[in-house]
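A, B, C and D are the chain letters, set down in written order, and residue numbers restart from 1 in every chain.
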Amino acid sequence: MLEQLKEQVYEANMLLPRYGLVTFTWGNVSAIDRESGLFVIKPSGVEYGRLEPEDMVVVDLEGNKVEGKYNPSSDTPTHQILYKRFPKVGGIVHTHSSWATSWAQAGRDIPCYGTTHADYIYGEVPCARSLTKEEIEEAYERNTGILIAEEFQRRNKDYLAVPAVLCKNHGPFTWGKDAHEAVHNAVVLEEVAKMAFRCEHLNPEIAPAPQELQDKHYYRKHGANAYYGQSVES
Amino acid sequence: MLEQLKEQVYEANMLLPRYGLVTFTWGNVSAIDRESGLFVIKPSGVEYGRLEPEDMVVVDLEGNKVEGKYNPSSDTPTHQILYKRFPKVGGIVHTHSSWATSWAQAGRDIPCYGTTHADYIYGEVPCARSLTKEEIEEAYERNTGILIAEEFQRRNKDYLAVPAVLCKNHGPFTWGKDAHEAVHNAVVLEEVAKMAFRCEHLNPEIAPAPQELQDKHYYRKHGANAYYGQSVES
Amino acid sequence: MLEQLKEQVYEANMLLPRYGLVTFTWGNVSAIDRESGLFVIKPSGVEYGRLEPEDMVVVDLEGNKVEGKYNPSSDTPTHQILYKRFPKVGGIVHTHSSWATSWAQAGRDIPCYGTTHADYIYGEVPCARSLTKEEIEEAYERNTGILIAEEFQRRNKDYLAVPAVLCKNHGPFTWGKDAHEAVHNAVVLEEVAKMAFRCEHLNPEIAPAPQELQDKHYYRKHGANAYYGQSVES
Amino acid sequence: MLEQLKEQVYEANMLLPRYGLVTFTWGNVSAIDRESGLFVIKPSGVEYGRLEPEDMVVVDLEGNKVEGKYNPSSDTPTHQILYKRFPKVGGIVHTHSSWATSWAQAGRDIPCYGTTHADYIYGEVPCARSLTKEEIEEAYERNTGILIAEEFQRRNKDYLAVPAVLCKNHGPFTWGKDAHEAVHNAVVLEEVAKMAFRCEHLNPEIAPAPQELQDKHYYRKHGANAYYGQSVES
């Protein structure tokens, strides 16, 4: 069942330790098959060194396990909601990567200070508030997904142009057209978070990069007039 | 004698350099066999590259060497006291890992700023005061253990829920149900110490994570209602 | 065509990930054959793991592609202008290396705080201003090159003695007598940027190194009276 | 000639990149044969990857090259003076290791904030002033050695108990009973410099570790009453 997607999700999960984004089991990647409405996700709490493609768990968009010998990631309801609310997303990543998580713990958006950021993420990376006591007790992981979607709506942000979010006191989620791109964006986010930290310490008065520079870099890589790389990216 | 435990303690010691927690010989792991009341610990000052399982030293709970060609770690009396005062602990780790030691040198508790911390450690990581001149001269390593136990008592902390401590101007100790879990907690502590440092520099006014979020994450992994991973953890 | 130069440029590009200077495809190296007036540069957006020497693209000094199956780096017009304005430069590197980029994002020159810096770079590393909206829209990459050259002229800096620049909100360019030396200088810049950050945080009142010490170190390695190494360097 | 010492000095030099203490050729190790009064040192500016034991250069205590196809390190006169002024030193290391150099650039002593430091270095690591213009022009490397020796005398410091120094705006020197111990101390210094930086940022009011704790740790490893390790260290 969805063997190819399981293979992709497995490969994408294995990239997390390789890029230094996870310690132990602190991360998970999923990807969705939009035709069947099923998504594939890492099992909960299984070490990366022991994972096999067939260990990936298949879940439907109501959050029911459809196939798999393991329990799916405890963060599955967050992925589920994001797939529902962000219909063009094909893959999702959650990590506790150290720089992005430090910003999340600090409860701060990451401003766009330069072109490394602007090449991939349009404008600041939003930090969503902590859940309330009621939201946590009612359905923590599910409400995390709802909060993220509402934060994007509230700020009028396009989730395709801003493929990353921080959850206050928790950590980052990133996404993309597939599992691989979602991991790629997780790496970008970590690098951007690190440089923004250092940038602010070098110049506490620094303002975000000029809007025209952000536009230039974002649109040289994205959209109809992109000219970076070997072919136009969607 | 205790061959299996020696093997485990050896393996756990070898994880310290692999996780980047020790430089040279600056760390040690022990584990106890509660039935016989004997514990096994790394020899003092022997390089990790030259260690063999049979080099591990067997010590009783009064601190007497029972077997082994080498002297046990100079920190043995600290381990001994912790095994006596913390009767459900099965393994203990001491390192000079750089982020945790920086907090210890600063004489500060590590506040719980997020879920990475709350997943493993309930509330702040306490920093115990420096020993007095008299305590140092009388029995430095032994009094270090006594001070740690008293600090937990004074703060009314459950050592199973808070498997880590900082000793002021010195460094961290961590523990767990066995040597492997104690090393795992040493890795968690280092990661948590690093992110807390960065978090405070991103937002000097930051407060600890809301108590309900700390509770949620801690109890999703621990106790009767845990649902993280593939089976309930004790 | 220019097979040897392609090989050199390929090798130099492959050094960027090895020295930890690039993430993904975020960097490029070029080198020029001054006789023919042609330069060789990395293709745009191709992963380092898939590059081959024959993938390098040949470009003339007007910016026209002369040979190659791929599009040249999107930063090609910047390289082109620098080769025109800095006639003794043989190789150019652009990266988003994390420490140098943090200074660029902060919009600050890197002061010369010590001999590591003075050994290779005479005086501060200049940070050029952001381009204006008009400059960006007219010809972003080309105007980046023009701005760098003008910044050196305005400050009366010798580009051979200062083989590095930061572009505000963007990142560093370095150069040298060939591709290999340009990469070498990119490594130096990153190391110098890191130590200058830490130095300022240890002593916010610190001033640049005394001029006589900077002179001593620079001239012990460069010029007619150099005595570092095994032969006089040009 | 001195083949065994050359081998040791070669091995010690090769440890520098392995411990992450040098970039390119930015470091050198020497060791002395006290009987003959000759010391062996790395050649100047030769890459670590190409070094062979037989490339080491033999120099006498007046600074004359006695044997070797290469020029000795440009820092040779500093080593020479230190061997003369510090008669019990057997090996010397100079690096531009990044944390220690950051303190040197900041012109600050490294205070003893904890036991990691106290285990190896008694009290603060001194930072010697910059040389004057006259001292630089007269004999830069030689006067660096003289300044270090005078700084120890002025502060009444025992060079065996404090096997490290920082030269302002430059970088660290360390030493030991042989080349290997000198490298060991260079690693200790880097680690201590890193943790002291972080410690001060966690608690700007922090004072050095209590003297009695420094004494305890230093003397548990050094002198007649040492009990760390498997045998008494001198």
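Here is the rule we use: a residue touches a chain if its C-beta (ideal position, glycine included) is under 8 Å from a C-beta of that chain, and two chains touch if they have at least 3 such contacts.
A quick map from chain label to UniProt name: A, B, C, D = L-ribulose-5-phosphate 4-epimerase.
A quick note: this is a predicted structure, and the numbers were derived from the prediction, not measured.
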Going by the contact rule set out at the top, which chains touch both subunit B and subunit D? none
Greatest separation from subunit D - chain, by CA centre: A
Would the interface of subunit A with subunit C count as same or different, where same needs over half of all numbers used to appear in both copies? different
Between subunit B and subunit C, tell me the centre distance in angstrom, where each centre is the average of that chain's C-alpha atoms. 46
Counting in whole Å, what is the centre-to-centre distance of subunit A and subunit B, each centre being its mean C-alpha position? 33
Sites on subunit B at which at least two other chains make contact: 200-201
Name the shape of the chain contact graph, picking from line, ring, star, complete and other. ring
So, with touch as defined above, which chain pairs make the list? A-B, A-C, B-D, C-D
Subunit D - residues contacting subunit B, complex: 113-116, 184, 187-188, 191, 194-196, 198-203, 206, 209-210, 212-213, 216, 220, 227-230
Seen from subunit B, its contact residues with subunit D in the complex are 23-24, 26, 43-46, 70-71, 74, 96, 98-99, 101-108, 130-131, 133, 136-137, 140, 169-171, 197, 200-201
